[in-house]
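Have a look at this one.
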């Protein structure tokens, strides 16, 4: 019993970690590449969740299908925000360090703006619906379908991005742009388009995560910030600028959370932060960082 | 091929270049020399679009390039090897080289070019999996050269390529520049190693305090009294 | 008298021996050159001496004391300063602030502000940067940044100065000036250990030259001996 | 964001400072309407947090998100000991506790740089918050405490004193050789080490110093809140706000930090009451707008103005 | 005097906003509208009806801000009356402040024994909601009624969870009911399945969860997934929200029990009307606990003004402290600052309505036991 239950817990943790990983990979693109520590990442998740909720409850559109509508919109929004706001900040900042500072401030601004607009349009109430809440049974170990789906999405997207960045021409260009903007331009890279793309893709993945989250949890316009924090922790844990690291970071967070939840629920957050801090101390540049 | 007319450039409030004009013909090697801080690097940056000129025009292959983005200038066939090489520090040597071939035409033939670059700089092949940030000073410089070659450019601009290289490599370097020239490449070279630069080039410009003070056949410049005194320490 | 002496100094990066079992020494008042092909391990050796990186094994004695394992600031306080091949200035600070700091914290330490200011102008003039006091350091050209690094290192009042490719990127006239500067520094009583690829300069000023290759010492001797050494000629000078 | 080009005249800061002292001390609070005093207390609190934060994080560029921990420890000291100790002793103890905690945080995070340091400090404050909560849930079995309250005028004088001490500390550190060395650490830690600065010791000490007044302010302000629990005392907002306020006002100038803290506190006050439903929207728009047009923060405005004036005069 | 100025600093943003937006703000606004539609509240001392004007500030879910804004309402805006903020912590902070300035405050969203202990120090504060002691007793009574012997007790690591557990746990022991699992879990957990799996393995008769809305939703969803089907399934705050039923579907939540209970079937004057007005005005149902209590607190305030014929806050307080007030939650009478007419009440979803099943005299339906298995 104990052994299989533990295995069950571990798998459950990995599945939750998948959701975190999905969120983290999105932020990893925005921070690791575009250098915007986007604290409003969670607000894009919230937008994705509410878009799915509204389309489902008002028009009966299947939550997964609704991504076809909400996905491109959120992507466009992200791209546009980068093009207008962050690109401008990048140009007017004296150094990369200065840009990181100003972009944090700006993304806090975005957080407030998006959250307020959502509050005005949806009210502060808790909302929710149920979709794919059914379970899958693996010889006694039971997992919710929507969580499994999130896990699958995370792994597929995370790995796809990893290979995209590691192997393809555009992926390398994105990484080059992340390291040295001027020199990347000398290679013929249209960096502003690249960075905008990354930011937009990050937002898109947030929307995707939001869609999945809306199936599992209740949603409110204020739900975003905790997800942003999870994402930032996962990205840092994995190693900045390393997409595979973000993926791994997310999985670890989920796994650790579940194991301590099993061993001693009361201590779970303490153990969770303790393990995170220790990991960072052991690997001061993240698990996969250089 | 490249026509620089009456360029003025500045960093913020500080003016660095005044009224600079240069011409580089197809297939030429032109040297741009001058003292420290005279504005040579600034000139190259202006040509490759990293700095927008405050006045004057730039024409490349008959097209105006003074108002377009650096990446489009690169795509038109100008390869600028920046001062210090500026490799992408967190990419491997091989990835850096591949980045050099980013533009479409170069990408298609990158395997073949890569082979040639490795022949040129065998050490790069040895280090191909190493992160660029851990290279020694000279290795960086070679990587930057190799990366520039990968682009198969029409115009090659070197900013102090011999910087920090061992004498034997410097020698080989200038030989390879000559080789590139023989293969029809157009080259603009900025060097502190003035003797080498003027020996390898056909024409030269001397920049002082942001102004061209001398220009002409390289051979002639080497014999010029001012040049000998101010730059060759003779 | 030996001011610096290294025995069996080794540093591995993974499997790569950046310096392998190098023995060397520097005498008080000498100028010693360090040459070798790119990637030979010269900068690595400097990093080991100045405490930037931890060695795999070996000992380094400075003024009779093993400084291996000490932190860079401790080594600096004992009178050993260096410049960097890839300059590491305080880029957003002014030229004079760069030097002031070194005055305040270097070997002499606790220098009074007005004295430090005077010292800073003196050093700037000494390295040929007078008049740049208020300039932001990163706006200097690379060559001038290197001079500033020299001035900054001197401000810590070192007995031994490590110079990593000071002459790179200088034209022959400037090389001559820099050579002059090195000799001046020695005249003021500072011993010098310098890495250089500019042959004319290093042959001109060095009392002794050490040549490295693949992390090993392959040759050592007076400039004349080195220029005639067969291996050095073959792998380094290319003549 | 350099602090050095176009520096304010040397005498400006002390002048402004003494001016503030005189005005505030002279206009004895009893001449002010009571709510103004309450408002001032809040502004003081954020000035202490912001200026303290910037003492370390400004020059070194190590962005710390541990302010909430230092502030919260102060709060807890005052909540736990407030009814056994005199007010002043609680404040002093709050500062001391904060100092010790910061020493620990500093020591443990020496190896970390950049974002890793930032998130580490954030994680550490969260760890402290959850540990205190766990303690309360499982050991004392009571979450939340009522705090002995102190009248607003006393709080005002205490906060005023803390603000002045904070400013004095910030000013002296900034203008000492250690301030310069901190700036150098932000540029290149390696080079700073090589010119004889004991980088680690300096970092830890500056970090701990910066925490002292945060703790003292926490101990003071707790008395105004009447009730605290771990999520109130260690609210991450107190880590974020100083960063935002400093960037908003201008990280590298003390007067910029003061302006940032004051402006954002007043702005929040105004928006919360005048536009309660659009508060966040307007606040966010203003943050974005300011950073777009003044990437150096409000302090950049002064430079812009003087540049602009020169420009106009030349024409 | 031409109007009664009432102020409140409440969470329009931040983590408390969902609660405030569900339970208090709609009722505040609706009540003001209703009062003003009548021409206002009749105040004898002015000999006329005075319309009510409500000032709402956003406390950002931040204690410091809340305290400050309340003082602003008192000192700057010089409001006649204050309305309470949302949530336990906020009540703890704002209660003493209101008391200091002599403003009566009737708090509808605090349920805490600790408050009872300090109530004598803050005579201007009144707690109207059910308190843990009575609630716990009612819950345990139910367990006894069904003959339950073995339960799992889990609670959120926060003031609410602690206080409820502190009441329920000894009460269980006293009745010989064994809590085989008694365990706290952190606020904001995203996966409680490890804990729930343990509970499933322990094979208990009842799951008692002293939970907050996010975990209430999470525990429900995960229990369904894990087919954790104890005979009695009780959770804390959030079960009484209509969205709880709507998210999972009326069929799924059939038989789930939750803290507090109110529904329009209760035989109190105005209860049904209140429910209908709320649905009509906001296009959503009031929640089945705090909403009605919040509305009742406003009714009390109104009646107190009419009774005393004054806006004198001292007099108002004294009347509130002594009289009995008929409201939508039944007659309310405060003793020692707490509503003694709100005994323990537990609700259960039955056919889409949250029926009152404990607090026997108030029962609106017979409890369903055992709870049907999840669909």
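A, B, C, D and E are the chain letters, set down in written order, and residue numbers restart from 1 in every chain.
Here is the rule we use: contacts are C-beta pairs under 8 Å (C-beta built on N, C-alpha and C of every residue); 3 or more make two chains touch, one makes a residue touch a chain.
What you are looking at is a predicted structure, and each value in this text was computed from that prediction instead of being measured.
Comparing the CA-atom centres of all chains against that of chain B, the greatest distance is found for E.
For the pair chain C and chain D, the distance between mean C-alpha positions equals 42 Å. If you average the Cα atoms of chain B and of chain E, the two centres end up 75 Å apart. Here the spacing of chain A and chain C, counted between their Cα centres, is 47 Å.
Chain contacts: chain A has residues 95, 115-116, 119, 266, 269 touching two or more partner chains.
Looking at chain B, one finds that none of its residues touch two or more other chains.
Counting partner chains per residue, chain D shows two or more touched chains at residues 1-2, 130, 134, 137-138, 277, 279-280. Shown are all chain pairs that touch, namely A-B, A-D, A-E, B-C, C-D, D-E.
Partner chain A is touched in their complex by these residues of chain D: 1-2, 61, 63, 108, 111-116, 119-120, 122-124, 126-127, 130-131, 134, 137-138, 240, 243-244, 247-248, 251, 277-281, 283-288, 291-292, 295. Across the interface of their complex, chain D is touched by residues 50-52, 71-73, 76-77, 81-82, 84, 88-94, 97, 100-102, 104-107, 109, 113, 136, 152-153, 155-156 of chain C.
For chain C in complex with chain B, the touching residues are 13, 35-40, 43, 85-86, 139-144, 165, 168-176, 197, 199, 235-238. The touching residues of chain E, when paired with chain A in their complex, are 12-15, 17-18, 20-22, 154, 157, 183-186, 188-195, 197-198, 201, 213-214, 217-218, 221-222, 224-227, 238, 241, 243, 246-249, 252, 284. Only residues 1-2, 4-5, 177, 180-181, 183-184, 187-188, 190-199 of chain D touch chain C when the two sit together in their complex.
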